[in-house]
Amino acid sequence: MAETPIRVTVWGEYRHERAEDHVASIYPDGMHVTIAAGITENLGEACTVRTATLDDPEHGLTEEVLAATDVLTWWGHQAHDEVTDDVVARVQRHVLSGMGLVVLHSGHFSKIFKTLMGTSCGLRWRNSDDRELIWTVDPTHPIAQDVPQPIIIESDEMYGEFFDIPAPDELIFISSFGGGEVFRSGCTFRRGFGRIFYFRPGDQNYPTYHHPDVRRVIANGVRWARSDRALRSYPEIRRYEGLTG
Amino acid sequence: MAETPIRVTVWGEYRHERAEDHVASIYPDGMHVTIAAGITENLGEACTVRTATLDDPEHGLTEEVLAATDVLTWWGHQAHDEVTDDVVARVQRHVLSGMGLVVLHSGHFSKIFKTLMGTSCGLRWRNSDDRELIWTVDPTHPIAQDVPQPIIIESDEMYGEFFDIPAPDELIFISSFGGGEVFRSGCTFRRGFGRIFYFRPGDQNYPTYHHPDVRRVIANGVRWARSDRALRSYPEIRRYEGLTG
Amino acid sequence: MAETPIRVTVWGEYRHERAEDHVASIYPDGMHVTIAAGITENLGEACTVRTATLDDPEHGLTEEVLAATDVLTWWGHQAHDEVTDDVVARVQRHVLSGMGLVVLHSGHFSKIFKTLMGTSCGLRWRNSDDRELIWTVDPTHPIAQDVPQPIIIESDEMYGEFFDIPAPDELIFISSFGGGEVFRSGCTFRRGFGRIFYFRPGDQNYPTYHHPDVRRVIANGVRWARSDRALRSYPEIRRYEGLTG
Amino acid sequence: MAETPIRVTVWGEYRHERAEDHVASIYPDGMHVTIAAGITENLGEACTVRTATLDDPEHGLTEEVLAATDVLTWWGHQAHDEVTDDVVARVQRHVLSGMGLVVLHSGHFSKIFKTLMGTSCGLRWRNSDDRELIWTVDPTHPIAQDVPQPIIIESDEMYGEFFDIPAPDELIFISSFGGGEVFRSGCTFRRGFGRIFYFRPGDQNYPTYHHPDVRRVIANGVRWARSDRALRSYPEIRRYEGLTG
């Protein structure tokens, strides 16, 4: 439908990378730059990508930026509480009005994701070099195209059930981990006029966002999350007099 | 499963009834009292019902009351903003921990419902004596038992689509109105360990909560929303070392 | 994703049009030809459309035709039983292997739809010039793009609930009719590797398939139902020795 | 709601047990007898249980038996094709009319399950003593009550994704296996007026149906699958003249 390039904003907390040598060695320019590169790698001229981070003014998410963003991706971890409520409300309003949102890994516990889900978004976790296998359970979904069955990530943080989210509209991927844990790792949600994709992989301590299949899925998610609606509008309550009113 | 009586708290805003003669003539003791009577009428000794209202201290929803409530029903309209954020957070915490919630009519725009849904909860409305027909589309659901197909409400406020909610886990009822509008009028949602039922009928200007089929559905909803879990607990995030950990 | 033209086969029973003057006056070349024209009108060079009918050899649905069909549309009514079980099994196999299927109106009672749903597909009906209003309840869905809220069809057959189908994966449209009946009139289902869209309007006695919004929705459905998978394959059971097997 | 005992019929193929010493040593009276005992163990006087097997006349599933069955459980494996189409059609009719159905393990490939699902019901499998962990992902569901997180089965056959079923109405359990495979192992489906629960564990070569947690889940499933509707009736198509018709 829409044929113009998808305008993507990749948001990154960008704290671990500046404070921890180990993380910096994996993501020397920040995780957001690596994520952005993966999207461009896959979508090419079908997208234009910019980045924004927590310590930018208004976290880089001004009204102007959001109005010019078709799909926002979100990675945060240790500083969820530093994201101001005003910016969270602004992002929520844009999502409900039609902006796509791709939430990555520890973003499950971000204010914006918890606000959009209405739940605690709690889960089980363990950081000890688990192998993750990501199995496709909805092979017709656009987000599941062009990846192997399963995707293999040699080492990543473990997330396990119960993951306290609303039952997803579409469950695309399920992961298993070294201890036999499972996780609903690829989920879609429609909220207002916006599409949301949650994708699990990606702890800061592992080179997950350099993994070609992970990059492919994120790019597929960006493409899927872009709205088909021509105009962005908020789903207002309104009085209605009927067809002849 | 649980065999003890369901402990129900019926919450009512209780403002229209005290300020408007027309509403007082329909609900002389308040809508909450009528709603409570309808639940008792249907569930009898299988429930114990108390009421709470906006102008009670802490809106009648103290920690003690919620801890002793299996299912809370909610009707509010003109004073949504007067419900304090503290009480909303407390109710959300109890729902995610396993308390059932039945949201009625204009409660769609309450803080607690919007918080649990994550969406705007906007819709179309018109107050002009529309006939509402409520059709069952999920006849196996416990909430749909013992009501006619369709339920007929001679006169009520109209609510029309698009209703900005997450796709419900179960869509039980769809209504039509005099102008040909339609509405997803009976919806369930599971959030955390809690069950939520939204049911549309019931404007303060109409005697809807005296209608036997409406009372039956609300009672069915209360019975369905009560948790099977023995203990109430919040779905916390937690570190997990594995089966042998 | 796929950028080649969508290869569409429009299947029509083509009996009413040859036996009933009233129907012939509305659809002189057959309903299938009108439906095909509506798809071409909307998708243009993004599709190639051919037609097939019941009285063609093998109903026009040979292995060769289906293998070269990305999306099949289906309209049948009085002669469902004349479709051979062999052809039904062949179409099912292609749908589960990735062919899209758009089922129209009375096709709800076709062998192929009942086979894919597993239910009776019963409903209520009345043929007496009801006005149908079609409301979008999933405005983010690609199939709901570029149509008014509501779509107005001045006169068509009525279908009412309970419609005995599995709960759809996505409920896009709900219709109301002159008697206040409602119907889940736009539903998607994923089965195997195939996508199925059911769309209600279209009795042979009414000029429904000349209606521009109806034509738009069918074309949107065709575009949505085309698989993203490069190859068609059946979801076989298979022994699996594991990653190193 | 209904308070009379649930009338359960446990259907077993009962061939492996008579032909293979190893299976006979685990299930000397047949798997169906063990499954029946597990239901009685958990539901006690809340149920009455009988059994039926493939080699009984009409497979033990006469019209009279089905009419007196609230919930049927199904285990079959090597002789799916020997179940006659007439009996499959009869069981389907009863399910759509309100009889509950609990399908176990290799019953995924039975005629009745494939007929009700409309899909291939294919999957991956491996028989090599995998440990299965069964994780609850819908902790509010009645079927998930009173079992540990996770259920641990020391040794069973492996089933892996992609499992070709319609997206379940409710996904309750996800399993992992020794090779890191995952499987949607506890799924509900509503079809017609009937409720269906699929539960994965239970190969004939393992003592799975002696496992107390597995028995608990099957009993929970039986209780859940029993209809709340007072009368059994088929969801017929019918002409409807409207409220005043």
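Order of writing sets the labels: A, B, C and D. Residues in every chain begin at 1.
In the analysis below, a contact is a pair of C-beta atoms (placed from the backbone, for glycine too) under 8 Å apart; a residue touches a chain by one contact, two chains touch by 3 or more.
Please read all numbers here as calculations on a predicted model, not as lab measurements.
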item: Chains contacting each of chain B and chain D, listed by label; value: A, C
item: Per Cα centroids, the chain farthest from chain C; value: B
item: Selected interface, C-D versus A-D, where C-beta contact pairs are more numerous; value: C-D
item: Rounded Å distance, chain A centre to chain D centre (Cα mean); value: 37
item: Geometric centre distance via CA averages, chain D-chain C, whole Å; value: 32
item: Chain D: positions in contact with at least two other chains; value: 133, 138-139, 160, 162, 167, 169-170, 180-181, 190, 243
item: Residues of chain C defined as touching chain D within the complex; value: 92, 96, 109, 115-126, 158, 160, 162, 164, 166-167, 169, 179-181, 189-192, 234-243, 245
item: Contact set on chain C toward chain B in their complex; value: 131, 133, 135-139, 149-150, 160-163, 167, 170-171, 174-176, 180-182, 184
item: Sites on chain B touched by chain D in the complex; value: 1, 98, 133, 138-140, 142, 145, 150, 152, 169-170, 190, 193-195, 227-229, 243
